[in-house]
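Several structures are given next for inspection.
One chain, chain A, appears in both complexes that follow, with chain B as partner in the first and chain C in the second.
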Partner chain A sequence: MTIDFERIIAILVSGLVSGSLYALMASGLSLVWGTLGMFNFAHGALVMLGAYAAWYFSNPAGLGGGLLLGIPAAIVLIGVGGYVLYVLLVKPFVGRPGADLIVIITTIAGATFLQNGVQVVFGPRYKQLARVLTGEVRFFNTAVGFQDLIVILVAPTMLLLLALFLKRSKLGLAIRAVEQNYDSAQLVGINAGQVYPLTFAVSAILAAIAGILLGGLFFILPTMGSEPLLRAFIVVVFGGLGSLPGTIIGAYIIGLIESISGFFLTLYWAPVVLFAVLIFVMIVRPTGLMGRE
Partner chain B sequence: MLLKVENLVAGYGKFEVIRSLSLEISKGESVGLFGPNGHGKTTLLRCISGLVDARSGDVLFQGENIKNHTPGQIVDMGLIHVPQGNTLFPRMTVLENLKLGAYSRRAWEKRLENISRVFKLFPRLEERKSQYARTLSGGERQMLSIGLGLMGVPDLLMLDEPSLGLAPKIKDELGQAILEIAQSGVTLLIVDQDIELLLGLCQRLYLIEKGQVSLETEEEEGIQQQEVLEMYFGRVAQ
Partner chain C sequence: MKRVRDSISKFRLAVYIAGLIVFIIFPLVADEYIRHIAILGMLFAVIASNWDLTLGYAGLFNFAHGAFFGLGAYTSGILAVRLGLSPWIGILAGVGVAVIVSAVVSIPAIRLRGIYVALITFAFSQLSVLLIVSQHTITGGLQGLVGVPSLSIGDFRFRDSRVAYFYLAGVFLLLSTLFLRRLVNSDFGLSLVALRDFEEYAISRGVPLSRQRFLSFVYSSIFTGAAGAIFAHYLLIASPEFFGFSFNTLFLSMLLVGGTATIYGPIVAGIALTYLSELLASLGPIRFMVVSVLIILTMRFFPKGLWGLINGRFTKRGSALPQFTDRAEDASQPAEIDTIQSQGSPSVEN
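Showing the complex of A and B:
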C-alpha cells in the first residue's frame, strides 16, 4: 500500500471530522459529570433529537422553514429539552444515596423512550438534512467536501464559545463554582438547584449542535446517537473525568486514532486499537490525560 | 440585636451536635467563640448560614427568623459565612474567586469597587490576582477566603478558624486586617482556637462546650487572658 499525500489528507480529514463530533458530545457529558457527578445516558438521544428537530423545521416534508429556521429552532428546542430532562429524570433523585446509579437507569430509560417515540412519530424511514453548501474544495489535489469542512470549523468555534461562556458569564462562573466546591458555592449565594438544570440545558445545546452536524453527514435515524455516545464516554474517561481541555484533546486524539487505524488495519480493527490505547493510558495515567486525582 | 440564636438544636443523622444553644450579637460588636474541638462551633455556624438544618429553636437576623432559609437567601440578607479550611474555588484565579464572592444580588453591582477594597486590605492578593487559588500559600488562601466574604457586602461576617495553621507573623497580619474590617463597621462572629487572637479582636467571648454555651464573659468586665484560660481548662478538667 502506498502512502501518498492524498491519503494522508483523507485520513486527517476523516479523523478531524469524527474528533470534532466527539469533542462536541463529550464536552457536554463532561460538563454534566463535573458539575453533578452524574453521567447522562440520554445524551445520545439528545443528539438524535437535535437532528430530527432540525430536519422537521427545515425539510419541506416537515415545516419547510429551511436550515435558517431549522438550526436555531433545534438548538433552542433541545436546550429546553435538556432542562426538562433534568427536571423529570434527575432532579427527583439529587441528594439521595446512590443517586448517580439511579440516574444511569432513569436516563437510559429516557433514551429508550425518546428513541422509540421518535420512531413512532417520524416513522422508520431515514431522513437527511439538506446541505448548507454542496461541493468540495481541493487541498493538494485532494477533494474535501464542504460538509466535512463545516464540521471541522464549527466544532472548535462552538467549543471556544463554551470556554468563553464558562470563563466570562455569571452563570458560567456559577457552574464552575458548584463543580469545584459545592459548600463554598452555596455560601456565596449560588443556588445549585438552579445551576443544575441550566448545566443540563447547556450540555443539551452542545448535543443538538453535534446532532445537526451529524445529520448533515449521515442519515438521521432513531439510534444515530448511540454509537457516538459510546465513543464520547471513552473520550471523557480517556481525557480525564471533569477536565474540559482533556476531553477536547482526547476527542481529537481518538478521532485520529480511529481514522488512522481504520485506514491501515481496516475499520474492523479500529475499535481494537482504540481500546488498546485506552487501556494503556488507564494503566499509565489512571486519571486520564488531564484528569485530577 | 443583629443576631439572636434561641434554644437552637441541630446535628447530623442520629447525632445532636448543638443542644439548645442561645447567644446574641449586637450591631457593631465583635464576638468570639472558643472551646474544645468537636463541641459544635462549626456546626453552629453551618446552621446559622443554612448549610445544616435546625431541628428546633430560632435564628433571628435583623429581626427576621432565618431558621432553615436557604444559604442563598441568607447571603442575600448580608449574613456571610467564611468556612473553615480551604474554602476556595481551587481552579479559578484570585480575581474569579473574588467575583464569585459577589454573586448575590445585593453585591454583584458593587463588585468592582469591592475588589479594590479587598486589594487595599490584602495587597498580596492583588499581586496574585491572575494566579489559581490552589497555588496560593496558606496565609494567602485565608486572606482570599476573608476577601470572598467581604465581597458579599456583609452586615455580619462569621469567620471560622481564620488562624488555622498559620505562622505567627501571618497570624498577626491577618488579625490586623480583621480588626480593620471590624472598624469599618462590619459585625463579626469569630470562631478560633487561638484565644490570644480572640482577646485582641473581640469585646465578648462565648465558651462552647457539648453543644451549649457554658460560659459568657460580660462586655464591661474586660477580659483577662488568665481568667479565660482558667475557665476554659478548669471546665475541661472537671
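Showing the complex of A and C:
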C-alpha cells in the first residue's frame, strides 16, 4: 500500500466531512451543557428529525416543495421542536437535586419515542434527500464530490455564525451570561427562565443543519442519529466539556483520527481506536483538551 | 414473645411452600404464550435488578449495563455456533466476558465524576456494538447471530416445551435476588450507599471509594452476563438490537418505574412491564413509545418509583435515586434520636 497524494487527499476529505458533521452536532451539545449543565441524549433524534423534515417538505413523495422550502422549513420546525423538548423533558426537573441524571433518562426516553414515532409515521423504508449539486471536482487527480465540499464549507460557516451570535446578539450574550454566572445574570435583568429553552432551540437548529447535511450524504432512517451522537459525545469529552473552541477542534481531530485509522486498519477497527483515544484522554487529562474544572 | 415469633416463622414457611407450589404448577397450567412472557419477564427482572446495584445503590451513571447483557448473549452464542461448545459452558464464558469487560469499563468510570461516567459507559456500549456488527464473519453482522442452539441436558431440549426454561429462569431469578439481597444488606452494600449519599464523609470514615465502585460494576455484571447468555439460547439468536436504545430503555423503565435502590421494585416492574410490552407487541414500534412515555411520567410524578411510593407510604423510609432525598432534613428529625434512646442500643436492624 503506497501512500501517494491521491490517498492523502481522500483521507483528508473524508476526515474533514466527518469532522464538520461532528463539530455541528457537538457544538449544540456543548452549548446546552455549558448553559444548563445537562446532556441532551435526544440530540441525535433531533438530527434525524431534521433530515426527515427536510425530506418531507422537499421530496415529491412528501409535500414536494424542493430543497428551497425543505431546508428552511426543517430548520424552523426543529428549532421549535427543541423548545418543546425542553418544556416537556427538561423544564420539570430543573432545580431538582440529581437533575442531570434525570434529564439523561428522560431524553433517552424521548429519543426512543421519536425514533419509533418516525418509524410509525414514515415507515421503515430508507429515504434520500435530493442533492443540492451533483457532480465532482478534481484535486490532483482525486475526485471530490460536491456534496462533500458543501459539508466541508457549510459547517465552518455555521459555526462562525454561531460564534457571532454568541458574541454579538442580545440573546447570545444572555446565553453566555447565564452560562458564566446564573445569579449575576439574573441580577442584571436577564430572564434565565427564557434563556434555557432558547438555548435548546439554538442547539436543535444546529442539529437540524447537521441532519440535512447528513441526509444528503447517506440514507435517512430512524436510527441515523445514534452513531453521530456517539461521536459527538466522544468529541465533547475529548475537546473539553463546555468549551466551544475545544469542541470544534476536537471534532476535526476525531474526524481525522477516524478516517486515518479507517484507512490503515480497515473500517472495522476504527471504533476501537476511538475508544482507546477516549480512554487515554480521560486518564491523562480528564477535563479534555480545553476544558475547565 | 417466642410463641409470636414462632407463628410468624411458621406463617413465612407456609408462604414459601405455597409460593413454591404455585411456581411448580404455574407453567404446567399456563398456556405457552403466558409461559413465554413469564420467562422473558424473569430474565429481564434479573437484568434490571442487577443494574440497580450500580445505578441505584452506588449512584453511578452506568449506561453500559445493556452491553454486559449483549456481550453475555454473543459470547455464549458464538462459542456454541462457531466452536460447537456446550451452551452450559457458554453461559459460564458469558459471565466471564461480562465480568472482565465490566472491570475494564469501571477503571475510567472510577476516576471520573457523574456525567463523565454516563458518557464513557454510553460510548463504550455503542462502540462495542459497532465492533460486533463489523466482524460479521464471526458475529453474523447486522442480521445477528442465528442458529444459536437451545439449552439441553442429554437428549432433552429445553426449548421443546418451554417448561424447563420457565423453571430455569425462576431459579435463576431467585439466586440473583438472594445474591443482591445479601450484597445490599452487607457492609459492602451499606458502604456503597454511604459513598453515594455523602462521599467525603464516607471516605473519611475509611470506605475505599475505588475498590467499592469497581466491585459494584463487577458484581452487577455476573448475573447480567448469564441472563444474556440464557436469553440468546432461549430466543435462539443474538442480535445487535440487544445493545440498542429500545432494549436499554425497556430495562431502564423497569428500574425506574419499580424504584431505584429497592431490588424488589425492579423485579416486580420487570415482570409487569414485560407483560405490558408483550401485550403491545402487535403494535410494533408503538410499544416502545408507550414505554418511553411511562418513563417520563414516572420521573415527573413518582421519582422514587412505584416501590418507593408504596414503601414511603407505609414505612416512611423509602429509598430513592441518588441525591433525591434531602439529607439535612432527614438527619434533623428528632424522631430518630428518640427511637435510639428508647431502645437502649443503637443497633441497626436489617
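As a convention for this text, the second predicted complex is superposed on the first by the 293 of 293 C-alpha atoms of A that agree within 3 Å, B and C clash if a C-alpha of one lies under 4 Å from a C-alpha of the other, contacts with A are read in each partner's own complex, and residues count from 1 in each chain.
Basically, contacts are C-beta pairs under 8 Å (C-beta built on N, C-alpha and C of every residue); 3 or more make two chains touch, one makes a residue touch a chain.
Here the structure is a predicted model, which is why all the values come from computation and not from measurement.
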**Request:** Could you tell me whether chain B and chain C fit or clash when both sit on chain A in the superposition?
**Result:** fit
**Fill in**
Partner touching more residues of chain A, chain B vs chain C, is chain C
**Asked** Looking at the overlay, does A:Asp100 come into contact with chain B only (first), chain C only (second), both, or neither?
**Response** second
**Request:** Applying the touch criterion given at the start, work out whether A:Leu29 contacts chain B, chain C, both or neither, answering first, second, both or neither.
**Result:** neither
**Asked** For A:Leu162, is the partner it touches chain B (first), chain C (second), both, or none of the two (neither)?
**Response** neither
**Prompt:** Once the shared chain is lined up, is A:Ile248 touching chain B (first), chain C (second), both, or neither of them?
**Reply:** neither
**Which superposed partner A:Ala174 touches (first chain B, second chain C, both, neither)** = first
**Prompt:** Looking at the overlay, does A:Leu187 come into contact with chain B only (first), chain C only (second), both, or neither?
**Reply:** first
**Fill in**
Taking the CA centre of chain A as vertex, the centres of chain B and chain C subtend an angle, in steps of 10 degrees, of 90
**Prompt:** Looking at the overlay, does A:Ile209 come into contact with chain B only (first), chain C only (second), both, or neither?
**Reply:** neither
**Prompt:** Which value in Å is the smallest Cα separation between chain B and chain C when the structures are fitted on chain A?
**Reply:** 7
**Prompt:** Okay, in this complex, where on chain A does chain C touch?
**Reply:** 39, 41, 88-89, 92-93, 96-98, 100-102, 104-106, 108-113, 115-117, 119-120, 223, 226-227, 230, 233-234, 236-237, 241, 267-269, 271-272, 274-275, 278-279, 282-283, 286
**Message:** If we count contacts the way the header does, which residues on chain A are in touch with chain B in the complex?
**Reply:** 170, 173-174, 176-177, 180-181, 183-191
**Asked** Hey, which residues of chain B end up touching chain A in the complex?
**Response** 49-51, 70-72, 75-76, 80-83, 87-92, 96, 99-105, 108, 148, 151-152
**Message:** Please output the residues of chain C touching chain A within their complex, sorted ascending.
**Reply:** 61, 63, 108, 111-112, 114-116, 118-120, 122-124, 126-127, 130-131, 134-135, 244-246, 248-249, 252-253, 256, 284-286, 288-289, 291-293, 295-296, 299-300, 303, 321-324, 326
